[in-house]
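Below, each structure is written out as structure tokens.
What follows is chain A paired twice: with chain B in the first complex and chain C in the second.
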Partner chain A sequence: MKRKRTPVLAFFGIMGVLILLLFVLDIMLGSVNIPFKDFWGIIVGDEAVSNVSRQILIHFRLPKVITAILAGSALAVSGLQMQTIFRNPLAGPYVLGISSGASLGVAIAVLGSSAIGLGFWFGQIGVVLAALIGSMLILLLIVAVSIRIRDIMTILILGIIFGMATSAITSILQYFSSEGSLKTYVIWTMGSLSSVNGSQLWLFSGLVIIGQILAIALSRPLNVLSLGENYARSLGYNVEKIRLIVFVSTSLLAGTTTAFAGPIAFIGIAVPHIVRLILHTSNHAILIPSTLVTGASIMMLCDVIAQLPGSNLVLPINSVAALMGIPVVVYVILSKKRFAQH
Partner chain B sequence: MNSNLTIEVKHLQVGYNGKSTSDFNYPEINVTALNNELIALVGRNGVGKSTLLRTIARLQKSIAGNILINGKEVEKTDRNKLATLLSFIPAEPVHSPNTTVYDFVSLARYPYHSWFDALNTSDKFVIERALKAVEMVSYKNRQIDRLSDGERQRAMIAFAIAQDTPIILMDEPTAFLDLPNKFEVVRLLKEQSENGKTVILSTHDIQTAFGFVDTIWLMLPDGLRVGAPEDMVLTDAINRLMKDTSVKFDLNTGQFDYNIPKQKSVIISGEDKSIINWTAHALARLGYQTVKKVKNENTLSVEILNNEGKVQWCLNEVQRKPTFDSIRNLCIYLKMDYKNLE
Partner chain C sequence: MSKLLRSYSGKNSLHLFSINQIIPYFLFALVLIFASCKNSQTEKSTQTDNNIEPKYAKGFNIDTSNKKITINIFNPWQGAHEVVYKYSLVNKKNPDFNKVDNPIPYPVKRVICMSSSHVAFIDALGQSNTLVGLSGTKYVYNPNINKEIDSGALVDVGYDQGLNYELITSLKPDVILCYGVSEESLSYLNKLKELGLHVMLIGDYLENDPLGKTEWIKVFGYLFGVPQKADSIFNIIEQKYNSEKTIASKYQSGPTVFLNTPFRDVWYFPGNDNYFVKMIKDAGGRYLFSNLKGSQSYPISTEIAYKSGLNADVWINTGTAHSKADILKFDPRFATLAPFAKDKIYNNYKRMNKNGGNDFWESGTLNPHLILHDLVTIFHNVDVQDSCLYYYSKLK
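So, the complex of A and B:
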């Protein structure tokens, strides 16, 4: 056991430094660069700093970085939970159809309203609410299924099927919608960290923090479940109840993230693997906090890259996250020779 | 009540009472188990061995009847309490990436703790003792996924020992093992029963269990028979198990043999008793019955010669007297000859 202690401490030490570095970098970079001198000035309360820099930092950059931290940690931890509960290395936060549910909600709000000729503009909070309602409805469906069905693979397959069904409905809505609202919808699917503002940020952080607390409280049951349900049951755990709490935690994490930042793919699958590759442990008491901090820092890194430092362009965050995450997922597939043995 | 009694099964009906066509219902079971008792639950594939074990371990519901553990009904026992009375190790080899043998075995201590407190020194002592019992102390930092099947099964036994329950149930612990490992696993379980535990292992491999266990629970399609292995032989229950196969249990040799009709006869003569016996064994496979006196003109005569330590088999035929240096060559000749006669 001692053998492991040093790398875990070193890991958190390095991660702490990395998070601080990326935090500062992500605040400084953007369409208007804030020089480090100004950044430092604002931190220490120097009155001489230009008001423009101060406004940008407080009203745009800080919410964006906090969104990146919340989204990255939430997606990564929920991906870890799904990989453990389904005992499948390719599971991620969206296997239960949470993002499809959110997409359907947004599609109905953005596309549906124009398709039936109402044409009123929902606004930012409308999109968030629609996505939240969509993902929560999928959660209720999954919970209803998992109360009746004990076989976890059946639940997984049903989650995927629900996702397909909602995508089909979304396609129909897309087909009949106007060009303008279609573009709004497509831009939402590309993800954005900069659309969460002051009051929404409180709601977002609150929900994610509840989800993370649940996740951390579940470390022991997840350790046992990673051996398989038979072990968990014979050690006295109520597997159905644990599963329910995990599903609630995951939809709080992934559902709210999708609502506020759009469906960001691959971070949730890739980050738990990066952590496992470094720490070589299956103990969730270590894995969950490590995945949390790694998810936060990788999301900030993605955002830094998305700003394309030195240029005026900004890439969609979803594409950057996918390009960062896919190599990791490919590596995991290729390195697991026993993949089929599950 | 007998104070040694650990498990009492009364009027138990196990099986699946589903709406589907796969209804399965085993005749009523009444049986008891004592501490210090090593029990092999024997039966053919699909007869319901796992179902019975899983029902006793409360991993699935019974259709009717009661199971008492230390005089208390299983269904009414608190899950967590039950986990300190009974451990169940499933048939499938444990699979958990990034998990050391020590990590795996330490999970067996969870029933003694709340969700948050860490393992203490007495837990560590129990874990070490369990690893020592299965001779796996030097393996404790090895990854569980990199062990051989035999080592993995030993780790699974260590898990059951570390759970520190008076009753251990193991589903098919010998199924994936070679012969030496099968005997090793049964020996380790026998040690546990000698330490005062009730150990029940299910197996379809009656030969491995036969020499070691105290009691056999024989699951025949029409009901459960209970007795010492020898009782099973003398009541012919064991041949009921072999029904519809060409294999029979030979009461005299204590071995299973193909039920080959022996229409031909042979006289074997020689000095060494064991060579005569094994020669008779081989010739029985070819359909020869060993006799003392000539039965008819077709009765074969084999003489075993010992020329200064070199054993030879001499066939006394009318025209010639071919000799052979091994039983194999003797058999090859007899098979060819038999074909020529046809």
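So, the complex of A and C:
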């Protein structure tokens, strides 16, 4: 590293302020105009705050912002893990087919009844469970394969193939389903941060926190792995075991996020690159926490944009995230050489 | 309980029939006969220009000049602009059959339908035996049509892009009645035309007036060669609808009305010109999103929807939610909405078959007066029993 490093402490200091700022911004801005004094009133426990403001702030905005933080950090960290494990700059949380697995689960739950008479539509929590089961099943398949196969590229290819297979089944379900359920499914694929409610938030945050702890604990082995599998083996690391734990962590992070918020693209690919560009480091002990905070803040920023403050409309979060992430991915492709140097 | 709460049970109405009640109908029929005689005389005198312009519908007119019947269909899909389809109803044996625009064998004897609302029109005209194919037979509610399906006389021909073309051809239909969702849907129509089949676009679902939708029965009347029957059915429904509207207009203040359920965090609310919004107004309700222009639906954020619903008086059309527990499965936050607490949530799912086929979407186009009656009943009564409603049920 010839270039001067951005001091890590300064980075975290700035991110801390940014997160706080975006948190307040994301809570304040939305379709319904809420005066700042109501927001302040709720924080200091003023009883005189109007019921509408209270309901919207506490039951809509707060869970939404927390979901944005959880989803953004989870996707970014799992993306980083995948990029390191596969040593591929364009890998992301979904390369293992986790989102396709989740999509298949949701497709069976939402479209199944009208297509094959097999569905079990029981509201939002049903969708969440279906997505979780779908992504976990794909993970089991990947784990089973990775125990037998040592070559990581084969696992990557199999992950993509499994993803394609589930997409094919999903297409068949879509093809035969009724318009109403098709719409429910399509809207799910667009992602949403605001459909997670209070009680689900506990489950969501619990699973994501376990995934994050695993990720942070894995930072040293990941450092070694990024220098090559053979090198790691020569140092006495059990590469297969590390991989397995990384897969579990990724599926907890990305699988749970997909289950609760739908598939959200590009955040997972773009954020690790943004962090690398700023910090010029490949030390995962620094990269993982910084990716975590950057992912959270970028997701909140995406949500502020998606809310189109002052309008009655909300844009699908997936599209906003893609539009934010694509320039970064393009930059990475164009300067691939530079990535290889890191 | 208000006198509005009439029963729809068939038994009751049989008991109530008496000679006294039949007399006015008899007189009315006589008047109709004289009127129609008079009409046919005037028709003869102005044979050159004989357009039948619908009273409410905007999507069609019928030209019967020079002993020919031409049905003009306008803009038959969403977003169509200045599109006209001319369909000529010609006897198959007529040597000119293939020389006219879009010939349709007249009168049609074998019909394939793509929409369930068409089925209701056909059944109302007593022509259900002409149906040979249908898209989505398992969603049919109508008992007459279900009998045909069970006997095997009526088969499922598949969906939009998944149509079973071979089956359709083998059924030898005189006409396939379709609807266009977008310009792209024309591709499957062209495919059907290539197979030498006669396709007709029906745009009843695009009408912005409840009676405009119903008025499409006149098109069906001509297709089957029973235009007078279609006219009389329409006139009766029109009169019933308007008298229901008059009843509703006598109430001083109507309730505020909240609609639909969200697709995740987006609610779709129809604009002010939408037919259902018009029915809410005709029933004396106050639509909460009357600021939305046009007839299309707008995606509205959950926050805005929630804010409006918080103090609404009534909540209707809750989609797949058939109970209050279903609503909570959608989102537990909806429990704080006023209609939830006051038990004023109604959905149009009373008449559904075991596969989820809903008669509201099937015969509702034909029966706007029954929908309006339901809405008036719901809007202006404190406690409504399900037995007083036709399409709607209260969410428990």
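Going forward, the second predicted complex is superposed on the first by the 325 of 342 C-alpha atoms of A that agree within 3 Å, B and C clash if a C-alpha of one lies under 4 Å from a C-alpha of the other, contacts with A are read in each partner's own complex, and residues count from 1 in each chain.
The criterion applied here is as follows: a residue touches a chain if its C-beta (ideal position, glycine included) is under 8 Å from a C-beta of that chain, and two chains touch if they have at least 3 such contacts.
A quick note: this is a predicted structure, and the numbers were derived from the prediction, not measured.
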*Based on the superposition on chain A, does the combination of chain B and chain C result in a clash or a fit?*
fit
_A:187 in the overlay: touching chain B, chain C, both, or neither? Say first, second, both or neither._
second
*Which partner does A:9 contact after superposing on A: first (chain B), second (chain C), both, neither?*
neither
*asked:* Per the contact definition in the header, classify A:281: touching chain B only (first), chain C only (second), both, or neither.
replied: first
*Can A:43 be said to touch chain B (first), chain C (second), both, or neither?*
neither
*asked:* Touch test for A:175: chain B only (first), chain C only (second), both, or neither?
replied: second
_Taking the superposition on A as described, I'd like to know which of chain B and chain C A:165 touches: first, second, both or neither._
neither
*asked:* A:226 in the overlay: touching chain B, chain C, both, or neither? Say first, second, both or neither.
replied: first
*What is the value, to the nearest 10 degrees, of the angle subtended at the Cα centroid of chain A by the Cα centroids of chain B and chain C?*
140
*Hey, is it chain B or chain C that touches more of chain A?*
C
*Once the shared chain is lined up, is A:157 touching chain B (first), chain C (second), both, or neither of them?*
neither
_Rounded to whole Å, what minimum CA distance do you find between chain B and chain C in the overlaid structures?_
41
_Of chain A, residues touching chain B in the complex_ = 1, 3, 89, 217, 220-221, 223-224, 226-228, 230-231, 233-238, 276, 280-283, 338, 341-342
*Using the touch rule from the top, collect the residues of chain C that touch chain A in their complex.*
159, 161-162, 263-266, 298-304, 306-307, 310, 319-320, 326, 328-333, 336, 356
_Touching residues on chain B, where the partner in the complex is chain A_ = 57-59, 79-84, 86-90, 92, 94-99, 102-104, 107-108, 110-111, 115-116, 141, 145, 163
*Over in the complex, which chain A residues touch chain C? Could you list them?*
30-32, 51-52, 55-56, 59-61, 113-114, 121-126, 175-176, 178, 180, 183-184, 187-188, 192-195, 197-199, 262, 307, 312-314
